[in-house]
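Should a chain be cited, it is by its letter among A, B, C, D and E, assigned in written order, with residues numbered from 1 in that chain.
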Amino acid sequence: MNFFIAAIAWLFDPAHYTGAGSIPSRLLEHLGFTLVTLVFASVIAIPAGYYIGHTGRGRRVAILLSGGLRALPTLGLLTLVGLWVGIGLEAPYVALTILAIPPILAGAYTGFEAIDRATIDAATAMGMSGGQVVRKVEMPLGLPLLIGGLRSATLQVVATATLAAYIADVGLGRPVFEGLKTNNYDEMLAGSILVILLALVLEGIFALATRLALRVVPTASGLQPDLTR
Amino acid sequence: MNWVWVNLDLVAGRTLDHLVLTVPPIILTFLIAVPLGTIAHRYRATRGVILTAGGLLYAVPSLPLFIMLPAIVGTSIRSPLNLIIALTLYGIALMVRVVADALASVDTGVRQSAIGVGFSPGSVFWRVDLPLAGPVLLAGMRVVAVSTVSLATVGAVIGVQSLGSLFTDGFQRGIQEEIVAGIVATVLLAVLFDAALVGLGRLLMPWQRVQAGGSAVTRARETA
Amino acid sequence: MIEFRHVTKRFPGGTVAVEDFSLVLPSRKTTVFAGSSGSGKTTLLRMINRMVDPTEGSIEIDGVDVATVDPVKLRRSIGYVMQSSGLLPHRTVVDNVATVPLLRRVPRRQARTDALALLDTVGLDRALADRYPSQLSGGQQQRVGVARGLAVDPNILLMDEPFGAVDPIVRSELQQELLRLKRELHKTIVFVTHDVEEAFLLGDQVVILREGGRVAQVGSPAEILARPADDFVARFVGADRGRRALHVVTQDGAELLMDSEGRVAGVLGHGKPGTGEQPR
Amino acid sequence: DPIKGDTAPSSSGDTTTLVVGSQDYYSNEIVAEIYAQALENNGYNVERDFRIGVREVYLPDLEAGKIDVFPEYTGSLLQALDKNAKGGTKEEVHDALADAVPDTLRVLDAAGASDQNSWTVTEDFAKKYNLTDLASLKNVTEPITVGGNSELQTRPYGPKALKEKYGIDIAGFTPVEDSGGPLTVKALVDGDIQLANIYTADPNIKSNHLVALKDPDGLFFPDNIVPVVSKKVDDKAIDILNTISGALGEGELVDLNSESVNDKKQADVIASEWLKEKNLF
Amino acid sequence: MIEFRHVTKRFPGGTVAVEDFSLVLPSRKTTVFAGSSGSGKTTLLRMINRMVDPTEGSIEIDGVDVATVDPVKLRRSIGYVMQSSGLLPHRTVVDNVATVPLLRRVPRRQARTDALALLDTVGLDRALADRYPSQLSGGQQQRVGVARGLAVDPNILLMDEPFGAVDPIVRSELQQELLRLKRELHKTIVFVTHDVEEAFLLGDQVVILREGGRVAQVGSPAEILARPADDFVARFVGADRGRRALHVVTQDGAELLMDSEGRVAGVLGHGKPGTGEQPR
């Protein structure tokens, strides 16, 4: 337990709150990195997922591809892309975007698929065009599952963004690596604690968002896409 | 490609290390998550606690967990045991929810009628709940297997040998073939585990072959 | 008037859901398609508003081939009611009813007023207007579905087993409500059911379908019951087991009508055939 | 402290089994492999505990006698053991190290080969500012960013020491965790960093036209390869290791490393070929 | 004989599913509980085999309070059949039928032989024995369900809407099959349905239930139809809308029986009340 006390002491050391690489700036970097990665992944995965969910086409390919992407080790990607493009944020962005795509993609298309076929049929029968069905029926009703997918992607990215520090001076992975390489267990543990806290805060925000989304869609009770990531 | 042929023994050795690191967590996950998930499913009061704990645990990043675990359980940071415990924890975190959901997805009609014709509570669990939850459990275990194989590579950063060592070594020496070989071997191993689980499922659940995949199953597999 | 001309529907899988089907559905009358599961009832219904396009043949509404009409426009001019689940779960009752008018750019305020009036028409309390579908009973949901189908004041109303999912008492209420609407609104209604009783109660013209949308018999309920075209129809309407062959038996002073299995079907009265008024 | 490993194979009473360790660094692994094969060829049982990590991780195990033979670098190890150590010639450093190691350990003969830390710049950069030694870094008018492993920041020759000894201002530190490997070199060549800590035995220096700046004030200690051994290592084994050190002359290490990086050979292959070539054991 | 004595069931949530219910169900007769959704039919049925235990009151089978019998043993001595979903999807047809005998340690070979014989009893082809339930039609699945209910040769057979999920033609076949079994096997059958027609067809004694398991009327079908106890029963059996008040109308030479809404209910014949033989 005294390891934790030392780590907490490290966390509260005022020296770690100023200058480059201070705790607040590392936190912000980590958060910013995570959000940008999620935006990249969403821009790719949500339209693709919506297309698959709406048309039912390309589903097998998507499943195979997500399975394959999920098996790809992030560390391997990070080092490989790192060797190609050099140090900096490019390699971490590529590696982590790939990590975030499968859950978001799955959230998007399972969100559409989980909608009662009859609801969509009825909307079509009333005279909604394909686009209207997507915007007015499928998107709102698919929201809880999409949020679930985003949530699991976020958790994975926040957690794995620690590895970005392997080739870039970014985020909460820095104290972790620095501590690891310099035998400073307090620093390493403190960095880890910060990542975990950040992950928990984001998890809390998503729990809230899910509740709000469920208020929009009162019947979509208990849809939990994130049973696994 | 040439690198791979010359260094086949290295890749094989790391693959073996990787197997030692990943097979125990996968098996342990199943053995621990099923009873835990069952408790969560049976007793409403425990459900929230168990599932939330699982969710939070999964939010813990792997590298920090590998680092924190020794401080908690007293293993050494370089010990493979440390990694095995950590990977098992992740597996459980992921799997308890699947187990609880799988049991909840068992058709109440089938359960009720089994009770109605005189199944004892034990028979209901072993002969109805468990087999009927089987497809969803299998889907969950497939995700566990793949993510365990992938996650184990991170251990290389803290000095536990695995296929991930091919990344760190290839990175230091600037050998891309080595990194690619590591990635391919990891994916192949994941695919192999996945295929093994599917085969096991076929063997244990012959009735599955005659019916179109239940939606709960496909959902479990795809949203993972 | 709706006319099917040699309509065939073959689904991609190879299933022939409907084969060479021809029929005229008179205006302002109710035609009921009755048949067991998979006989092509839903497919027939959906070909009218082009949710399904026929493989061969054509369908005309008042002489216009529907294939020449833009499907979205066509559907907005035809009411459609289906089994309970069709309401948008994320919209309130009144919004559900007003969906199509809003799509047609009727001003919000007026769409709402019209929708509330429609709730009256189908016998729903306006107090329910701002609830979500999941907060209603099955029967109430069905009424909302009917109101939605009527929202654009269509000449044609398609109803696909609209009362299949509710319990018998509520079902009977909904049937009575529909009979009232029939009398008041004079729509052309195409109704699908697999319940013979319901078909006979609601249909001016009843179409008994076999597998593959083949017509077993078309006629008024009385015609079909009096002279079933074949064994299949006889079995379907229950004539074969003598369920429709009734005898008078006097018991406890009442003249009961019993079928050939000793089951009581009714009590013999001596008044005039009813006018449709409810004796309450 | 959890960093102290307990997994190193524990040496039993049997003196013929020796545990050879190595850093988590390919070049160090090659030397360790040479030691291991030489010992094996002379009838010792060898357990390899390679790729342990950085010095902070393995030193406790070494001191505790869990590892019997470890290829070390004289200057770096001396600085790790004695924060106040002074530099000097390679002989002086070797002698000082022999005094500094705990009683449980012995330092054998140092090899001619060294793998020195160095501050390295690109040829263009050196020409532009007319750089020859570390002191001339004062000529540089642009901000200097340093790249290297995390631990470099706390090393006695790190950015802080540059300021203290040579008065050079460092604008920033960019961590690159490949121990001066290809990514560091790439960063240097791409201009992401201006000054990198690269080992003098790194074949990349030659192939990428890099310039290792001279170090007149002895910021870096001479870093000759030296086997550090436990009490369990007997005289015969000491002879063997000293013979290797004798054969491992200046410049040899660059060739060995080049075989690893450029020819992509594995450490055991490189080691056995080298032993054969040198006609040892 | 099954006897309910002042039985009340209050569920944990506070719902009173059944309140002070007393009734005698005669041996070797069929008693049908009919009522709309939520009226407590299933709860009543399940209290007989202790799937639900009453909050107050007691249930006796041939004078023995079921509360004193081990529930698993009790259930193995009573047949139980419910809506389609009840078969174990991971067991073949024959294994499904043989499960309970196997649980009771009947030797494998004999359990299988018995199970095959039961397939004959319920009119199923033995060729289906090694299929999985998902490979059968809905009607076939129901027959397997009945066979399973009969597998331990129980004196009592509980049936909870066993034919609720199949289409009308199949349903009618299954009803005929059950009538045959009734005649051949002489079991005490307790049957739950919300279909009045089915209740009148199958029941020797019909119990019409209101909300909360309150008895609206008990009697033979004829008694209930001839003298509905109150408005609720009249509405439930369809007497209120004149659906049961039939008149003779002559049309095309046939004497049709019409209800007060002009719907044809049957054709008047002049033979004797049926003996239950089918006139095919």
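Keep in mind that, in the parts below, contacts are C-beta pairs under 8 Å (C-beta built on N, C-alpha and C of every residue); 3 or more make two chains touch, one makes a residue touch a chain.
Quantities reported herein were computed from a predicted structural model and do not represent experimental measurements.
Quick one: how many steps at least from subunit C to subunit D, stepping chain to touching chain?
2
Tell me, which chains sit next to both subunit A and subunit B?
For subunit A paired with subunit B, the chains in contact with each are D, in label order.
If you tally contacting C-beta pairs, which pair wins, A-D or A-C?
Looking at contacts between chains, A-C has the larger number.
Averaging over Cα atoms per chain, report the distance between subunit A and subunit E in Å.
Here subunit A and subunit E have centroids separated by 54 Å.
Measuring from the mean C-alpha position of subunit B to the mean C-alpha position of subunit E, what distance in angstrom results?
Between these chains, centre-to-centre, one finds 47 Å.
Would you kindly tell me how far, in whole Å, the mean C-alpha position of subunit D lies from that of subunit B?
40
Going by the touch rule set out above, which residues of subunit D reach two or more other chains?
Residues 2-3, 57, 182-183.
Spell out, as numbers or ranges, the residues of subunit C touching 2 or more other chains.
none
Listing for subunit A: what residues touch at least two other chains?
3, 82-83, 166, 180, 185 - these are the residues of subunit A that touch more than one other chain.
For this structure, enumerate the chain pairs that meet the touch criterion.
By the stated definition, chains touch in these pairs: A-B, A-C, A-D, B-D, B-E, C-E.
Write out the stretch or stretches of subunit C touching subunit A in their complex.
46, 49, 51, 72-77, 80, 82-83, 85-90, 99-100, 103, 132-135, 148, 158
Can you list the residues on subunit A that touch subunit D in the complex?
Subunit A residues touching subunit D: 3, 20, 82-83, 86-88, 165-167, 169, 174, 177-178, 180-183, 185.
Can you list the subunit B residues touching subunit E in their complex?
Listed in rising order, the residues of subunit B that touch subunit E are 107, 109-110, 112-120, 123, 127-128, 131-132, 134, 205, 207, 210-211.
Spell out the residues on subunit B that touch subunit D in their complex, using ranges where they run on.
Touching subunit D: residues 3, 6-7, 10, 70-71, 74-80, 158-159, 161, 165, 168-169, 171-175, 177-178 of subunit B.
Using the touch definition from the top, list the residues of subunit E that touch subunit C in their complex.
On the subunit E side, the touching residues are 36-37, 167-170, 172, 176, 179, 194-197, 200-201, 221-223, 225-227, 235-236, 238-249, 251-252, 254, 256-276, 278-280.
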